[in-house]
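Got a structure for you, written out below as structure tokens; questions coming shortly.
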Amino acid sequence: MNALTTMMLLPVIGSILVAVIPSDQVLRIKQAALGTTLLVAISGVLAWIKFDSSNTALQFVESAKWIPSFGINYAVGVDGLAIVLILMSVLLAPIVVLAGWNESEGGRWSPKVFYILLLVLETMMIGVFAASDVFLFYVFFEAMLIPVYFLIGGFGTGERAAAAVKFLLYSLFGGLLMLASIIGLYVISGANGGHTFDITRLSELHMHMSSMTQNLLFLGFFIAFAIKAPLWPLHTWLPDAAAASTPGTSVLLLGVLDKVGTFGMIRFCLALFPDASKTFTPMILVLAVISIIYGAFLAIGARDIKRLIAYTSISHFGFITMGIFAMTSQGMSGATLYMFNHGFSTAALFLVAGWMQSRRGSSTIADFGGLQRVTPVMAWTFFIAGMSSLALPGLSSFVSEFLVLVGTYTRYPVAAVIATFGIVLAALYILIPVQKALHGPTTPGNENLSDLNLREKIAIAPVIAIIVALGFYPSPLLNVINPASAHVLEVQGFTDPVPSESAGK
Amino acid sequence: MVTSTTLVYLIALPLFGSAILLLAGRRSDKWGHLLATALSASSFALGLYQLSQMLGRSTEERAITQKLFSWINVGTFNVDAGLLLDQLSICFVLLITGVGTLIHIYSISYMSHDENRRRFFAYLNLFIAAMLLLVLGNSYLNLYVGWEGVGLASYLLIGFWNQKPAYATASKKAFVMNRIGDMGLSFAIMIAFATLGTVSFRGVQEASHTASKAALTAIGIMLLVAATGKSAQFPLQAWLGDAMAGPTPVSALIHAATMVTAGVYLIVRSNFIFDAAPTAQLLVVIVGAITLMFGALVGTAKDDIKKALAASTMSQIGYMILGAGLGPAGYAFAIMHLLTHGFFKAGMFLGAGSVMHGMNDQVDMRRYGALRKFMPITFATFGLGYLAIIGVPPFAGFYSKDAIIETAFNAGGVKGILLGSTALLGAAITAFYMTRVMVLTFTSKERWDDNQHPHESPLLMWIPMAILAIGSVTTGFLFTRGHALVNWLSPVVGEHAEGGKVLLQPAVVSGLALIAVIIGVGIAIAKYQLSDVDSVAPQNVSVFTRVARKDLMQDSFNEAVFMKPGQALTALLVKGDDKVIDGAVRGVAATALGTGSTLRKTQTGFARSYAAFILIGAIVLIAGIWVVTQ
Amino acid sequence: MNFTAPVLNYALLAPMLIVLAGALVGVLIEAFAPRASRHNSQLFVTIASLVIALSALLRVRKQVSVSAAMGSITFDGAGVLFQASILVIAILSVFLIADQENFTALPAAVPGSDEERHSLQTDMRVTEVYPLTLFAVAGMLLFPLSSDLITLFVALEMLSLPLYLMAGLSRRRRLLSQEAALKYFLLGAFSSAFFLFGVAYLYGYSGSITFSGIQASIVGGSGNDVFLLLGIAFISVGLLFKVGAVPFHAWSPDVYQGAPTAITGFMAAATKVAAFGAILRIFYVAFANAEWQWKPALILISIVTMVFGSVVAISQRDVKRMLAYSSIAHAGFLLAGVIALSKSGLEASIFYLFAYGIATVGAFGIVTLVRDSAGEVTDLNRWSGLGKRSPLIASAFAFFLLAFAGIPLTSGFIGKFSIFSAAYESGSTAVLIAGVLSSAIAAFFYIRVIVLMFFKDPVEDGTSVVIPSGLTTTTIAVTSVITLVLGIYPAPLINFIASSAFFIR
Amino acid sequence: MNPYNYLYVAGLLFTIGAVGVVVRRNAIVVFMCVELMLNAANLTLVTFARINGTLDGQVVAFFTMVVAACEVVVGLAIIVTIYRSRRSASIDDASLLKR
């Protein structure tokens, strides 16, 4: 059976399994969920190993007719970019389950519901990266909002209902704009050789569009992705959602779901509308740079640790977007690697923030103090995650961030220069909470917090290990990403700028 | 070029030690410091072995490389995890591991009462590893990893006692200001890649022959920015004084002997860029000259012994930067001063630590006095360092500092005279403030409380001090004998360009310098030895003293120009995000809701009004179709 | 003058005749059967005649004839689809109607009178609702098949008159119910006067009352265009009134709210299918060639309708009124199918009508279950926390709302996609954009109800979800399953529609 | 006589009826206005039958009368029920359902 389809089916089977276990056997339910996600993770790693990085065509391809009269197929297949993101998603899922072992309890509904939603979400996460049919992609893109919506609203904290609604409405709005564009594509494809949603065939369609049409359709896709990613000024849902949801949900939300936005920019915006992409590149770069700086400033000003992490992500998504639209191999590969790395460093931050919150009963930074002395392991984990977030060399994010900057500089020096100021701001937004929460005297209320237990250590260890390992040796991922991003650029008709002072000139 | 398979162990050993100590946690409390010291020492041994190997090879084959693996490889951006050990880096390797090991030994005793000593040693080992990577990396990007790595170690060590909020703030300040410098390094690498297509030292060196002056100037200026951050040079100098929050061995190792000199290493390493970019080079000497005066002036006003030493460090590095900015004539002298400074300043810091150790961590020199009697060894070792730094022949500082002053005078024209005079004046002030430190601490009258019981430090502490003191005495002579260091470094930094117009003969410079030193020492002795000193800093002092005490207003300046506006901007953006951007979003929702509520009122409940809608609708429909049709 | 004996194709007319026969039997039962046995026998007769009609319809589904009744009725593929939809919806609705808790015991009794009290005590029942339903269904079956203006008018009245009466049959809050009946009746009569006036002008324009005759005249272009204009405008008023398009919508919120909920569901779903069936036929067959005259106006009405319905629905506090405005918005979406004036528009409209009708019946079925001691609770505030009280029912309702909102994996999404793409394909970009935007607005209130049900705590005011009767359960289950299946695997139905959706002239 | 004049009369009647529906309060009167509109339509139909020379219009008129009669039955039933409940035949009184 097709590897991707298998990976998508496994969580569905797992969710059915969870559904039939009686609600009162909570431990059994959790074990089933963990087992399922582990199984998916293993099959994800196997797929990654089997993936032939020298081949730039889509792999693990499967296609079956779904709604033939609209030309819609169930078609899946991955290139180097997609397989990396799928790998990230399936690796994060068991970590989230294990790390948030107890976060399913105390929600509005039973843990069973939590895990069913989570597993369904996992299927859709894989599907959204694997889909090679635009309609199928859209179905996953939209449908995955619903489980997240219930995960935030049902199991979150604080203003969870409002945050869930805001998240859903924002996303639906973007999704509907994208639907308009998809309809546009569908109609144009119908006029040029028959209705289809096949990404490969649609990517040849831009030759039949006027530039006006192409620009409009591009915007439909791009705004949807910019909301998802999120890019300034479409970001205000993210801090609310991140602050209100459980740590595990936040990890999946920021780590995986938001990547759909940036992934979509590569997969759809660039591939389907190459000319419009070029037209809008200056505007997008401006937005990206604003996001980088703006997100950083807001993170510096944040009082709530989860909101802070959300704002840092806005900054990071700015980097990713900038890397994509720099249209250089360094930028493109760096952006993709960034997506992967951001998944893990944000996961670490959110998980630790969640543990801090569950122990202290608050996520306000000012409520913490001197944790390094009380809970050294937790403090260290947060610190390392923070260092990864500020792209300390030797940790994974550095490689990707630097690639993005260097790749952008060769084509758009001004954008890169402004963005580089973000690394100073990054130092501030990480070190301020580190100082307030971890350093200083141990403030009242924090004296008796317990350090990480064995389960939590097991959950966070692989994340930290990946952060460190990829910092020193990113090649396993870069080798998969490079051919794919080179292919994207080749299709776009871009070649890397030649060094202006090289001897060959 | 000769390849090696063993270079990596230089770095791997201390890195391994750091990882073990951090991961093993409290389990390694008993033996952690020993392991760390042993690993640092073995790195030093490896360094010596490498030196002996290097000496055994001919001049052209002395540099060796090791490629570990392909690190980042995207498009034409290919960076190997590769190491390069040449005549320049071996100096640093030995300085780092040698002084580092001594400070490990010192710390075993110094930190013995701290329950987190193991963690301290883990950080020290991490620092050694990162610093070695900095000097061994074969490309700017590899250097960058070490560059930020030492920043991290420095952050951790400054904030080692971060339960004190001020110390935590100091560590953050150091990291952030360093990051500003790091940004310069990022820019330099980006420009290098965009213009030259490579970021390795070798590649950039080759490309620099054909590259335009503009590109090289840009790279050079950015490298200078990086150097100012890491080496606490003007205008990014403000963090160094606060960094004295760290335990004293840290100040000795990181903020005196090694890390802060990384900027000098960077400039000397990039000699091929600066040689081809005179504008950048000029900026280097300007920065060096300003800083050496800046640090010296601040040093005269400090009562905190460590801060006085820190100011001195800043000033001395100013000398090095000045030297490095003088081109091929100065590179070797900059390195020489760096090495001798590593010995005497580390020794003095350890001495200061020893004093603090004996004085219940008192750092205010106005509370010291007459310690000579209670701490003879400390006095002796500190005194040797003192003689070295003020440049009394034949101590180490005399050779290295004189060489820089002389080169400065000979830089030619007005520039040479200005630079030379600045350096000379700096030497006088150095002599003044170092004498002040010496006098206030050791030879003036007692000013401490009755509950102080000054005592000499234990063996483990004074042995490293003694060894460093020996270094302060001998190194200058050794390095200059037969131009040993100049010749040793010439394959890396280019031939030492003698000749040309010589403004002042070496002997004249030495004479002038000695006069300057004597003036400085004399004033200080008159002021502090021969008259009484208040145990509390007098407040009715001149505005100059006040400004100098406040570090020449550097913090006030940064606060007024960067922090306050930054905080205001942050607050504004936070508010704006809620009120404007999210407000717009909420506004759209509210508008929809409001429109709904308004339109809802059309539903009056009266059937007649509904009928009226239908009637009007029909009329409009007819009219509409009519209009379209016509 | 020669009279030719009318020739009727009874096989093709069978569905309608069977339903009419059932209705007549119902009248007889009402007249002669003992009171106690009336309810069961009526229910049996009603369901039996509907089921038999459906099977009769399926037997002749492949046949095509313009002369089923002397040219007054056209039997074609589209007609079969409309009729089948109406019958399926009617059967499901009758299951809801069978729950007599909603109906007054004695419609003739004055509210609050002794007579009414007595009737309630003796457990009398309004069994006359069954024959009325059947009459209405017969009218609905006839409406989309009519191919001349007389038949169309008669069918319109035939489906309307019973509905006027049925709207007034509510058991509780009878004054409201009677008011609903009065408004519905007066406004309905008013609009049919417009309709008839339009009929007169069309006849005046073409000299013919058959659709094909009118079409021939338009093609010929010999008639007086003013008459055509007046005819199309007035007849549109009558038809648009039935579907609740703005500005002819005002009756629907009041009537939806006042009428017994089961009737509202039936009315909302079945009437919409029938009326749109008729609209599609008359516009596609008779007016197609005068497209340039009516299309701009219809586009405007479509846009205004979808936006108005969505916007006003946001501020509704009553679930039935909210659904009424939602149905107004959907009428706007459906008009996009009329505007498309293409085969794909027809197919999309049919799919949309069926999907929407099914979901509507299901949603109103659930509304009948939420009650307190005084009957149904339709105040939305009192629905809060429904998810806690009755997770299954609340989930089903949420699912229907998601279908209305057009979220992927529900039938609503496929419907929305197909109808908007048809509209865009025919060049109506404005409709596409307005549709997308109003969908976004509409999502707002659907999601608000979901928030209310799931993320708010229950109010302890006696609101509860009654255990549904077997028939109601069947309706809710069947409608849910259909909505889900059409969302996941709509291909068979779409293929079937594609193969048979056509109008013959 | 020009048959178009009948159309004008019918149009006038229709307008009177439509305006009557909007302005009158008594349900019976409103309903009578609707009947007036239907009859205006009938008049139009018959006129057109005359103009076009076909009988279809007259046939439709007959159907209309029948249907109108049915409407009366249903309508009066509803109006009478309302009247019995409220002791008023004013349609403005029946305005509980709104907003």
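We call the chains A, B, C and D, going by the order they appear; numbering starts again at 1 in every chain.
Basically, a contact is a pair of C-beta atoms (placed from the backbone, for glycine too) under 8 Å apart; a residue touches a chain by one contact, two chains touch by 3 or more.
Keep in mind that this is a model prediction, so the values were computed, not measured.
Comparing chain pairs B-C and A-B, the larger number of C-beta contacts belongs to A-B. Averaging Cα coordinates per chain and for the whole protein, the chain whose average falls nearest the overall one is A. Centre-to-centre spacing of chain B and chain C amounts to 79 Å, using the average Cα coordinate of each chain.
Computed from the mean C-alpha positions, the centre of chain A lies at a distance of 65 Å from the centre of chain D. Each chain gets a centre from the mean of its Cα atoms; for chain A and chain B, those two points are 37 Å apart. Taking each chain's centre as the mean of its C-alpha atoms, chain C lies 25 Å from chain D. Counting partners per residue, chain D has 18, 21, 30, 91, 94-99 as the residues that reach two or more other chains.
Under the contact definition stated at the top, the residues of chain C that touch 2 or more other chains are 182-183, 186, 190, 194, 253-254, 444. Residue positions of chain A touching 2 or more other chains, listed in rising order: 169. Chain contacts here follow an irregular pattern that is not a line, a ring, a star or a complete set. Counting only pairs that meet the touch rule, the chains in contact are A-B, A-C, B-C, B-D, C-D. Put simply, chain C touches chain A in their complex at residues 387-388, 391, 402, 405, 407-409, 413-414, 416-418, 420-421, 424-425, 432-433, 436-437, 439-440, 443-444, 447-448, 451, 454-456, 489-491, 494-495, 498.
Taken in their complex, chain B has these residues touching chain C: 589, 592-593, 595-597, 599-600, 602-603, 605, 607, 609-611, 613-614, 616-618, 620-622, 624-626, 628-629.
Chain C makes touch with chain B in their complex at residues 182-183, 186-187, 190-191, 194, 225, 229-230, 232-234, 236-237, 241, 246-248, 250-251, 253-254, 292-294, 296-297, 300-301, 308, 311-316, 441, 444. Contacts from chain B toward chain D in the complex involve residues 600-601, 603-608, 611-612, 615. The touching residues of chain C, when paired with chain D in their complex, are 107-108, 110-111, 149-150, 153-154, 157, 161, 164-165, 168, 174-176, 178-183, 185-186, 189-190, 192-194, 196-197, 199-201, 203-204, 207-209, 253-254, 257-258, 321.
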